[in-house]
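Listed after this line are the structures, all set down as structure tokens.
The same subunit A turns up in both complexes below, where it pairs with subunit B and then with subunit C.
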Partner chain A sequence: MFDFQTFIQLVVSGISVGMIYGVVAFGYQLTFATSRTLNFGQGEALMLGSLAGFTIMTQLASHLGIPMPLAYLLMLPLVLMFGMAQGAVVEWLGVRQAIKTKSEAGWIMATIALGIIFKNLAENIWGRDTFTFPAPLPDAAIQIGGIRILPMEVLIVCGALALMAAVELFNRRSIYGKAVVATSADIGAAGLMGVNTAQVITLSYALSSLTAAFAGVLVAPVTLTGASLGSALGLKAFAVAIIGGLTSGVGVVVGGVLLGITDRLTGYYISTGYQDVPGLVLLLLVLSFKPSGLFGKSAIKKV
Partner chain B sequence: MRLLRRTLMALAATAMLTAPAFAADAIKIGLSGPFTGGSASMGVSMRDGVRLAVEEINKAGGVLGRPLQLVERDDEAKNDVGVQVAQELINKEQVVATMGFINTGVALASQRFYQEAEIPVINNVATGTAITQQFKPDNYIFRMSAADTIQSNMIADEAVKKRGFKRPAILADSTNYGQLGQADLEKALGAMGIKPVTEEKFNIGDTDMTSQLLRAKAANADVILTYAIGPELAQIANGMAKLGWKLPLIGSWTLSMSTFIDNAGVNGEGAVMPQTFIQSPTTPKRKAFIDAYQAAYKVDRIPSPISAAQGYDGTLLLAAAIKQAGSTDGAKIKAALENLNTKVEGVVTVYDHPFTATDHESITANIPVFGMVKNGRVVAENPADLEGANAVRLKAK
Partner chain C sequence: MLTVEKLVAGYGKVRVLHEISLDVQEGQLVTLIGSNGAGKTTTLRALSGMIKPESGSIRIGGAEIAGLESHLITRRGLAHSPEGRRVFPVLSVEDNLVMGAFTRLTGSRPKGDVKADLARMYELFPRLAERRLQLAGTLSGGEQQMLAMARALMLNPKVLLLDEPSMGLAPKLVEEVFSIVSRLKAAKVTMLLVEQFAAAALEVADFGYVLENGRIAASGPAERLKNDPAVRAAYLGAAH
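== the complex of A and B ==
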């Protein structure tokens, strides 16, 4: 018997989980566009942002007596700044040297190593357990025609879309953003036109970690937070980035939502034991038939 | 990538661990547990319980006139890391005995090396039934926790006989712990003529249980039985609240983990699970232990009281066995453990000949009681279980 309501409930849950993957994958896409490098510590950037946000929020609440929804709003700009700084540090320590020496794999090792260091750091500061992130919205589910959804899940979807729209707008409208787009299009030509491409790459890393930090405080009330938050999400998001295409902002959103929904549907209609299989199959199919991703532009490598 | 990660971790570990000065004639005891990741609250509590016991023993003059020295290693709850830890503790550190494990998978993967090296293992927390059955005769593996068969029988009994549920759904994680526990649960339910209406699986780190819960709902389940660890258990309780569909939760002892209680909040209230120890001063020994733990680690609630208590007791038994053996030879310690002549008063119970050559389980089915989550703490579901003559439950012979 096909129960339509259950189907919609699964799709809704899939979208909200998929949007979490998408917003993390969006960060991969940002740095890849400008420098053809990725921050393999993207998951850790998300985790750090989330934990930093947690600390800022609890400090605001306990020392200044600011109530929760307001504390959440006040925390946001601070966390975004924290994310930018963290991204700039990653680029400065891990990526710049590799790009300068045209090292093919140096940045892979360096960003992974930095990720591990950030994780250990977080374990020392915040401990190793998973804990609850105070939600800015009530945790009672809202009901729309029999479908139940948490207010936080709605916020995740809207917040993620708003963030990605804001970054796209920044890239298209602001002079700095135009430098980013120019560098993505052709780093050599952009350099000749007077764009400081090294600075643009730093900026893209800062933006990438900014989205990660924002994603961290956005998803944490639902996923719980802790030093191990990054590893699980980072890996899943990487698959999403490959499926959607590393060069396309829209692609990662679609890829994330696609993966989130297929996971849920397979879990319910086939077996929860196979919940992760369709995602991997999708990944393999994309890699075999369209390696640049569903929405990616195929790269032509000139040697 | 993996290699690099390993190398970096190994480097970091060596840097951290070469620091303390070694007493020349200390007796080295290995300690393997997850001090990071999802089962860290159990690993750290066990470690802290073991440390407390070691401190007390050393303060009283040590064993055989020598202090005990712990060699602690983080097995990260990963089977392969557990194997590396075992090889390091055996070959490099040359420990006399090892205490561990939290995770059944890690225990099964690592204990073979101790068995081959004839080094006794006191398994403080892992509950997989196979752990003490893997090697026979001449088994070097001893257990302080309630094996899964004991727990699964208790869970089935509580759900079916005491509360009269007929349509249980089992939700278990995909680790050895979850899957072996699920098999034990099926067997226990089968013996009562009950078949679970559905069995659902999820991975460590999964945050959304919608599919699993909707399947249980579609199968018309009347109770949820669980075999998983804290964070995912909390997601089950929270997921039910989200779907506006609440069933009683009965599960293995991990429902007492702080990561379940704190992250599920009100949604976790009323969950019940078998417990060998509940943080409540029901005997003077328990009171002394709880006070010492709280003072040493500056906490009010022990993150995983069972792990701490079993770790503490395991250390006392090991020390008593080394003393009785009069030697640090593995075979002699094993023989002493199998015929321990001194009564040892522990936190969980009083151990009077806890092991024999054929029985390496210190806990029998009459010892654990049901704990229940109430106001963010685990209390006895039925307080009379731990009052008066019931307070100390001795091993059934």
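== the complex of A and C ==
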């Protein structure tokens, strides 16, 4: 018999997973906007962020005796900085040269290669095992009308929205943000304004990995963390970016939540083995009928 | 103020400009005329770093800028209102103007009074004042042209390059554009104007250069070029 309460429960947990997809997809958008390139190592950026966060937190807790919620707060800015540095390295090693030589595919291979290298690096530093990420919030679920919501799930949704809002605010209000928007709209004209557009592209890679690292420390307390955390999430988020549209902020939130919910529903009602299928079918449908994404403006290359 | 010597530039292996030399004195309005494909736009693009010159020298107030990236050239005081206007469609009119002052707001050029300059632009281009908060992408072609010029002026440039500001505009708007150019000239803005309307350009300019197949074919005070039989026959049409 169909149990409505279970259904709602699945939707709720789908939303929080979906927000993670959304944030990582948002990261894909950031670099696409300025440079029409993507970091295919985005999932690995997420994984590195979460493992770096794990190490920072356990060090803070064991050496300085800082309690977990506080350790989590102290860890956040460090991990965000780590993410920015990691993204800048990806741009510097993998993308800049491809853009300079106007290579069509160079950045694809380069970012995939860097992703693999980062994964191997993580396996060597942290091993292949998974770790339980120390939770900053209590494990006890909040009961609302029979629906159980984990405090961490609420934090994920709020954190994801806050991050996207912060980037949006930066773009709209600050002169440097406007330079990013100008570069996205017309890189040549932005150069004429005196904007160092190469630096803007580096910045967008840094911000993109920052969002991934942030997603990493948001999701890790409800999943587990480990060197293999990134691959699946990175791919899912990529599907979300395509489904929602590479140019639409609303698109990645809606696309992410949509995918998160269908994942959970399929996993429960059909089989966890088919959990990834509906999302990927949706991806195929979007690609055939609306290639710019459900919310995207035309991102198809004009020939 | 702007001195170009033996500039060679083009696209890939296609050479468009063959050792052109020209000179724009401080406070002067100099026009570069010529038929389609003569290399007028290419010249401006090479000056502002949108394409990299192959060889030759470009100096602003004595400082060499040839080969620099465009953002560095802008920081040395050269503003370029490019072909096709290139306003930022997703930014508001005001934000487009603010972007014109990017170097001043970020400390790579003297700041001056950006707010006062914004007010000055709105006075010079009243239509922009009306559409201050509208996205630039929603403006008409004429309004976008005004915006492109105003945005370039927000640099407080030492030299302003104007690429065909009259292109694609209705006759009435063309007149308006030329009247603004005259007002800028009266305000002693140093300008290099590329124009398809050669007669109108020579009317407002102090000095003119005629570009033919990537070479300077004639040059002189605008008054003299206007009356030069060869120039008249080729560029000004029989009616003039």
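The working rule: the second predicted complex is superposed on the first by the 288 of 303 C-alpha atoms of A that agree within 3 Å, B and C clash if a C-alpha of one lies under 4 Å from a C-alpha of the other, contacts with A are read in each partner's own complex, and residues count from 1 in each chain.
Operating definition for what follows: contacts are C-beta pairs under 8 Å (C-beta built on N, C-alpha and C of every residue); 3 or more make two chains touch, one makes a residue touch a chain.
None of these values were measured; they are calculated from a predicted model.
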item: Touched partner set for A:Thr197, first subunit B, second subunit C, both or neither; value: second
item: Partner chain(s) touched by A:Met109 [first = subunit B, second = subunit C, both, neither]; value: first
item: Touching partner for A:Lys100 - first (subunit B), second (subunit C), both, neither; value: neither
item: Touching partner for A:Asp186 - first (subunit B), second (subunit C), both, neither; value: second
item: Partner contacting more residues of subunit A (subunit B vs subunit C); value: B
item: First, second, both or neither for A:Lys178, with subunit B first and subunit C second; value: second
item: On subunit A, positions contacted by subunit B and by subunit C; value: none
item: Interface residues, subunit C side, partner subunit A - complex; value: 48-50, 69-71, 74-75, 79-80, 82, 86-91, 95, 98-100, 102-103, 105-106, 108-109, 151-152, 155
item: Interface residues, subunit A side, partner subunit B - complex; value: 3, 6, 9-10, 13, 16-17, 108-109, 112-113, 116, 120, 123, 128-132, 139, 141, 143, 148-150, 222-224, 226-228, 231-232, 263-265, 267-268, 271-273, 275-276
item: Complex interface listing, subunit A residues touching subunit C; value: 175-176, 178-179, 181-182, 184-186, 188-197
item: Residues on subunit B engaged by subunit A in the complex (per definition of touch); value: 1, 4-5, 8-9, 12, 35-38, 40-41, 44, 174, 200-203, 205, 207-208, 210-212, 214-215, 218, 230-231, 234-235, 241-244, 258-259, 262-263, 265, 303
